[in-house]
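The following blocks contain the structures, represented as C-alpha cells.
Both complexes shown next keep chain A, but they swap its partner, so chain B is in the first and chain C is in the second.
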Partner chain A sequence: MNGPARVAGDGTRRRRPVSPMRVVIRIFLWVVALGWLVPLLLPLYASLRPYAETAADGYFSLPRTLNFDYYVQAWRGGNLPTHFLNTLLIAVPAVLLTLFFASFVAFLISRRRLPGGKVLLILFTAGNLLPQQVVLTPVYLMYTKLPLPWWMSWPSELVYDSYWGIIAIHVAFQTGFCVFVLSNYMDTIPRELIEAATVDGAGVWRQYWQVILPLARPALGALGTLEFAWIYNDFLWAVVLMSTGDKLPVTSALNNLRAVYFTDYNLLAAGSILVALPTLIVFFVLQRQFVSGLTLGANKG
Partner chain B sequence: MADPQPDQNSPAAIAQSRQRAQSRQRALSRRRLLGGTAYTAGALALPVGLTACEKPSTGGESGGTVTFGSNYSDEVPKKAIAEVMAASGLDVRVNTVDHNTFQENITRYLQATPDDIFSWFSGFRMQYFAAQGLATDISDVWQSIGGDFSPAMKKASTGSDGKQYFVPFYYYPWAVFYRKSVFQEKGYQIPKTWDDFKALAAKMRTDGLIPIAMADKDGWPAMGTFDYINMRANGYDFHVSLMAGKESWEDSRVKQVFSLWRELLPYNQPGANGRTWQEAAQSLGQKQTGMYLLGMFVGQQFQGEAAADLDFFPFPQIAEAHGQDAVEAPIDGFMISSKVKNLDGAKELLRYLASAKAQNAYLGSDPNNVATSNSADASGYNALQKKAVELVSGAKQISQFLDRDTRPDFASTVMIPSLQSFLSSPKDVNGLCKRIESQKKTIFAS
Partner chain C sequence: MNPIPTVPPVDLPPAPDGPGPPTRRSRQHRRRRRRVGRFTPRDIAVIGLLLGVPLLLDLALIWGPALASIGLSFTSWNGISEIKPVGLDNYVNIVSNYPPFWPAVRHNLIWLAFLGLVATPFGLFLAVLLDREMRFTRFYQTAFYLPVVLSLAVVGFIAQLIFSRDYGAANAILGRTDNPVDWLGDPSINLWSVLLLVGWRHVGYVMLLYLAGLKAVDPSLKEAAAIDGAGEVQTFFRVVFPTLRPVNVIVLVITVIEGLRAFDIVYAINRGRNGLELLSVLVTDNIVGEASRIGYGSAIAVILLLISTGFIAVYLVQVFRRDEA
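And then the complex of A and B:
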C-alpha cells in the first residue's frame, strides 16, 4: 500500500507519521530532480546575463543585470530566421515521406500475408541499430558523385549540398523505426475489417488508403511528433553533407554564434535556447502523443 | 468497443455522428495531407526557382561570377570582407561558413564542391592541401604581385614543390604583452635573455603580481609558448622539421624545451587549463598579472585607455646562436581550389586581394592585424600595429603557430591534451615525450 493513493482517496484522514526512510527518499528525489534541471536552467539563467558579469562573478552568482539582449543578438547575428526556415524545408518533407513509406511497408508486412514479411520486418528493425556515423564517409562520397539538375541543386549540381540529399538520408534512417512501430500497431487492427473490405470489392490500395490508414491515425500522429523532433535535432548530417553556409539548418548554424578566437557562452546559451524552443513547445503541446509514441506497439492489443 | 450503442435511428444520433465525421475530416483529411505534401515539395524547389529562372552563369570566361568560400564568420570581419569584395569590380558570391566548422570540414569541402577561391592559412596547412592536388598553382599571379611582398611572405606562400599556392592577406605576430604603466611604475626593464626574463618574473612575484598570465582551456594558446621556447633554444629549422614529423619527440632537444618551460611554471598563473585566454587577458588588463604571451588579437579584450597602455616585447633569447631571429606570425590569406570553375576571374580576384587597396580597406575594420603587402598604407596603424610591422620585417624566419605548422590531426588530437597534461603535471617529461612520439608515428604514417 502506498501513501499517495491513500491520501488521495481520503483527504480528511491524518497523514501517516513521516518515517526517516521517506525523508531520505524525498531528499534523494529532490537532489536527482535538481541534477536534471540544473543543466537546463543554468544556460537559461546565463543567457540573461552579460558575459562580463558572469566572467567576473562566476555563473552561480546573483544577477546584477538581467535582460534579453543576447536573444536579440542571437536572432539577428546568427541569422536564425533563415536557418529556421531551412530546418522546416528539411524536417517537414522528411517526416511526411518517412510516414508515407513506413506505412506502406507496415501495411504489407502486417495486413497482407507477404512472403518473407517477417524477414523484412527484422531487417528494418535491425537497421535501427546501425549507427549513422558508420555510413558517413560512404554516403559523403556517393553524394559527391550523384548529379542533380541545376534547378534542383544549385550551385553544386550534385546531391551533395542539396536538401534532397539530407531529406533522403533522414527518410532512410527513420523509416526503420516507423515500420517497426506501425506494423505492430496495425497488428492490433482487427483482421475482419480487411476481410469485410475485400468482400466489398476493395483493392489493395483501397484497403491501405481508406481502411487501415485512417485507423492508424493515432500512431501516425505520435510518430509524426517524435520524428519531427528527431529530425529537427539532427546536427551531424547537415554539417557533413552541406557546404553552403546559408543552407544549413538551425542546429548546425548555431556554430555561427561562436567567434574565431572567442566563444561567448552566454550568447551561445541564448541561441541554444531559441533553437531548443520549438522542440520544447512541440513536446508540451503534444505531450500525450509523445508518450504514447514511445510506448506504441509495446503491447499487442 | 464496449461503448453502449446509442439508438442509431434517432435523428439526433445521426446528426451527431455526421458532425463528428465532418470535424474529423476537417482536422486532418488525407486530401489535406496530400495537399500539404505537394505544397512543401513546391517550397523545396522554390528557393532555386525564385532566384533563377534560367541557369545562372558559371563563368568560364573572365567576367562571370567568382565564388568565394569564406571563414570570416564574425560579424565585423564578415562585413568588412563583404565590402572588400564589393569593391573588387568583380561579381563575387560569398559563401560564409562559421570559422570552426569551415576548419573542421576543410578536407571534405575541398574534395566535394569547393568555391573558386577560399580563405585559408599559410604554412604546412597550405602545403598539405597543395601536395594533395586540392589547390591550383598560382605562380603566374605571384609574378605580378611578388614585388609587394617580402621574401619571407613569399616563402610562406610556397608549396613543398616550389610553386606558389597562396596569397597572404594579413598576419598577426605573437609576442609577450604587458602594460606600459605597470612597467614604468615598478621600473621594470624589457628582458632580453632567458635569465633576465626569469629574474623579472621573480621580481614581479615579490611585488605581488602574478608574473605570467596563462590560459589553456581551449588547448591551443599554450602552443605559442612551446613554439617560442623551441625556436629560441633549438632554432627555426629544428622546429619546422619537428613539426613536419621528421624529428623524434624523444630527442634531448625536445626534452630541453619542456625543462626550460618548467622553469617558468612557478611564475605562471595557476590553473591554466581551466581558464580561457580572454580571462587571462582581462587579468592583464586589471593589472593582476604582469606579462602574457599571446597573439595580437589579445587587443580585442582591451578598450580605450587600457588599449593605449598595451605594449609587447619579443620573446627573449635563449641560445645565442638563434638570438631572437624567429617570429611567430600566423598569416591568413586565400587560395584557389583545384575544382575552380572560373579560373581567370579567381586569379583576377586574388590579384586584387593582394593589393594595398584591398588590404587597407579590410584592416580599417580590424586593427588587431597587419597587412601583408609592403605597399599597404601604414599611416593609419596604431602604435601596436606599427611595432608589429617592425617586429615581423626584422624577423629572419616566420613561423605559423604549432597547429598550422604541423598536421591538423596531430595538433588537435595529440598536442592539445599533451600540453594540457604538461601544464597540470609537469614532472614526467620523459613519459610525455614518449607518448607524443608514439602517437606521432601513427598519425604521420597514415
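And then the complex of A and C:
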C-alpha cells in the first residue's frame, strides 16, 4: 500500500524510542475509537435482552437474561428474507450500472478529452448535489404516468412501484458522484497508454474495457463499497416511489417492524443489526482496497 | 499510491517526449489531441449509447424535474385539480406566514456549520494522526468508519437508545435518572443530540477520505520541508494540505450533500417536528402529506435549491481552476 520510501521512513522512526507525544496520541486514539464503538455496542447489547428487563433497569445496566430471541422474531416477524432479496434486486444492478456508466463517462472526459467534457462533468456532478426533495414531485408524477409492460412491473404496470424506476433514479443520482471521483482518479493514468492502444487499432470500447477499466479497479472497488452502502441505506425513494409493502427494500421494511411492535425497541435493535450486517460485511471484505482505492488522484498535487 | 507501477515503454512516433516546461507540454497535448481524437463511426455509436443513457437519465430524472419543480413553485396545485398560476404567492406565504420555515432554515444552516466546522476538521485531524500511527491502524479505521455504513434510519433508532428520557444510556451515565434530561423531546437541545450522532457518522467518512488522500502524498515532500526546518504543523498546512485539494473538494461535496439532504434521521426520530424541523422534511410534508400542497412544497424545495446553488458554485469554481492548473 505504501511506497518504498515510506516504509523506509517508518523503519527508521520505529528504531527511535517512543516519544511522550506519541504516547499521548496513542491514548487519545484508543479513547476516541472506543468511544466511537459505544453507540454501536449499545443496540447490540439491547438486542440480547428482554424488553421487560431494560424497561425496568434502563439500557445502561447489568444483564439478567441474554438470548437471541429477538433476532428470530425480527427475522420471521419482519419478513426480513423477502426484503433482503428486494434490496439486492435494487442495489446490485444499481451499483453495477452506476460504476459502468460513470467509468465510461469519466474515461471520455478525463482520458479522451471529449469536446464539451467539462460541461458534462459539471452537469453530472452538480446534478448529484441537488437535494433529492427538489425533484421529488415531478419524478413521482412522471413515474405514475409512464407505463411498463406487465412482465416488468406487476401489478402496477407503471414505472411507479417497480424496481426499474428505483434503479433508474439511483443510477441518475449516483453517476454524478462517481464520474467526479473516477475522472479525478483517471487523471493519474498516463495518456500514453491510450495512445499506444490507438496505434494498435483499438477503438474507444477496447481502450475503455481493456486498458482503462483494469487500471481503475482499485477506485471502482472503493466506490462500489460506498455506493452499495448509500443505495442499500436509501429510505426516501423506496417510500415515495413504491407502494406494495412486500416489494419494499429492507431499510424501509424496518419501519414496519416499528409500526407493528411500536414500543419494543429491543426488537428494533435486533432488526437494525440484521439490516446493517450486509454493509458491514461488504466493508470488511473490501477494506484493504478501500483506502488505496480512494486515492482520488491526490498525488498529482 | 499510483495505480500503475511502471509505464510500459511505448513507441511514440515523432513526439518529443519527457516533461518539458508547461507551455511545451500544452502544445504537445494539442498535437496529441488531433492525433488520438479521431472517432470512427463505431466509436461514435459506442459513445452515443454509453454516454447517451446516463446523460438521458441525468436530464430526465434530475435536471428536467428540477426545472419542473421551479415551474410548479409558482402555482397552486393539489395534484388533482387544475394547476393554477399564483405568481410569487407561495414564496411570500412561506417567508411571512409559515411558522416552521425559519426554524427549518436555521436548523439546516446549523447542521451544515456543525458538519463543516466541527465534524470535518475532527475527521481530518484523526486522519492525520492515523497516517502517522502504524500500529492498530486497522482497528482505528474500522471503529471510525463503521457508523458510516449504517443507514440514517438506524442511527435515528440508536439515538433513541442513547437519548431516551426514561431508560436511555445518556441519563444513566450522567447519573440523571432522578431528574432526567429529555434529550430528544426538549426542542432547545434535541437538535444538538441529533447532531452529535450525525457528526459521529460524518467524522468517519471524512477521516477515510483524507486518510486515502494523505497516503497518496509524496513522502519526499514532507522530508524536503523537514530539511528546510519546517515544523510538523507548518509542514502540514503549507505543504501537505494544499496537495489534498481534490479530497477537499470531495469532502466539501459530501458535507453539503449530508447537510442539506438530511432527512431520514429526524424523520425516524419524530417525523421532523418539535425542534427538529428541516427544509427537506417540510418539502416532504407538503408534497407527500395529506394536504398535498404541491406548489407550496415545490417552493420550499426551490429555496433549498437556492441554498445549495451557492455551494455548487464553489464546486464549479474548483473544477475550472483544476482545468487551468
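In this text, the second predicted complex is superposed on the first by the 254 of 301 C-alpha atoms of A that agree within 3 Å, B and C clash if a C-alpha of one lies under 4 Å from a C-alpha of the other, contacts with A are read in each partner's own complex, and residues count from 1 in each chain.
One rule holds in what follows: contacts are C-beta pairs under 8 Å (C-beta built on N, C-alpha and C of every residue); 3 or more make two chains touch, one makes a residue touch a chain.
Quick caveat, the model's predicted, so the values are computed rather than measured.
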{"item": "Residue contacts on chain A - larger count, chain B or chain C", "value": "C"}
{"item": "First (chain B), second (chain C), both or neither touched by A:Gly77", "value": "first"}
{"item": "Contacts of A:Leu41 with chain B and chain C, given as first, second, both or neither", "value": "neither"}
{"item": "Which superposed partner A:Ile27 touches (first chain B, second chain C, both, neither)", "value": "neither"}
{"item": "Touched partner set for A:Val240, first chain B, second chain C, both or neither", "value": "both"}
{"item": "Touching partner for A:Ala55 - first (chain B), second (chain C), both, neither", "value": "both"}
{"item": "Partner chain in contact with A:Leu96 - chain B first, chain C second, else both or neither", "value": "first"}
{"item": "Touched partner set for A:Ser156, first chain B, second chain C, both or neither", "value": "first"}
{"item": "On chain A, the residue positions that both chain B and chain C contact, one per complex", "value": "55, 140, 240, 255"}
{"item": "Touching residues on chain C, where the partner in the complex is chain A", "value": "1-4, 7-8, 10-12, 32-33, 35-37, 39-40, 42-43, 46-47, 50-51, 53-55, 57-58, 60-66, 68-69, 72, 79, 126, 129-130, 132-136, 138-154, 157-158, 160-162, 164, 166-169, 171-173, 177, 197, 200, 204, 208-209, 211-213, 215-220, 223, 242-247, 250, 253, 256-257, 260-261, 263-264, 267-268, 279-280, 283-284, 287-288, 294, 297-298, 301-302, 304-305, 308, 311-312, 315-316, 319-320, 323"}
{"item": "Chain B residues touching chain A - in the complex, by the definition given at the top", "value": "28, 30, 33, 36-37, 40-41, 43-45, 47-49, 52, 55-56, 58, 67, 69, 73-75, 77, 95-101, 105, 108-109, 111-114, 276-279, 282, 295, 297, 300"}
{"item": "Contact footprint of chain B on chain A as seen in their complex", "value": "55, 77, 89, 92-93, 96, 100, 140, 143-144, 150-156, 158, 160-161, 163-164, 209, 213-214, 217, 239-240, 243-246, 252-253, 255-256, 258-263"}
{"item": "Contacting residues of chain A [partner chain C, same complex]", "value": "1-3, 5-6, 9-10, 14, 25-26, 28-29, 32-34, 36-37, 39-40, 42-43, 46, 54-55, 57-61, 101-102, 104-105, 108, 112-114, 118, 120-142, 168-169, 171-173, 175-177, 180-181, 184-185, 188-196, 198-199, 203-205, 215-216, 218-219, 222, 229, 232-233, 235-236, 240, 251, 254-255, 265, 268-269, 272, 275-276, 279-280, 282-284, 287, 290-301"}
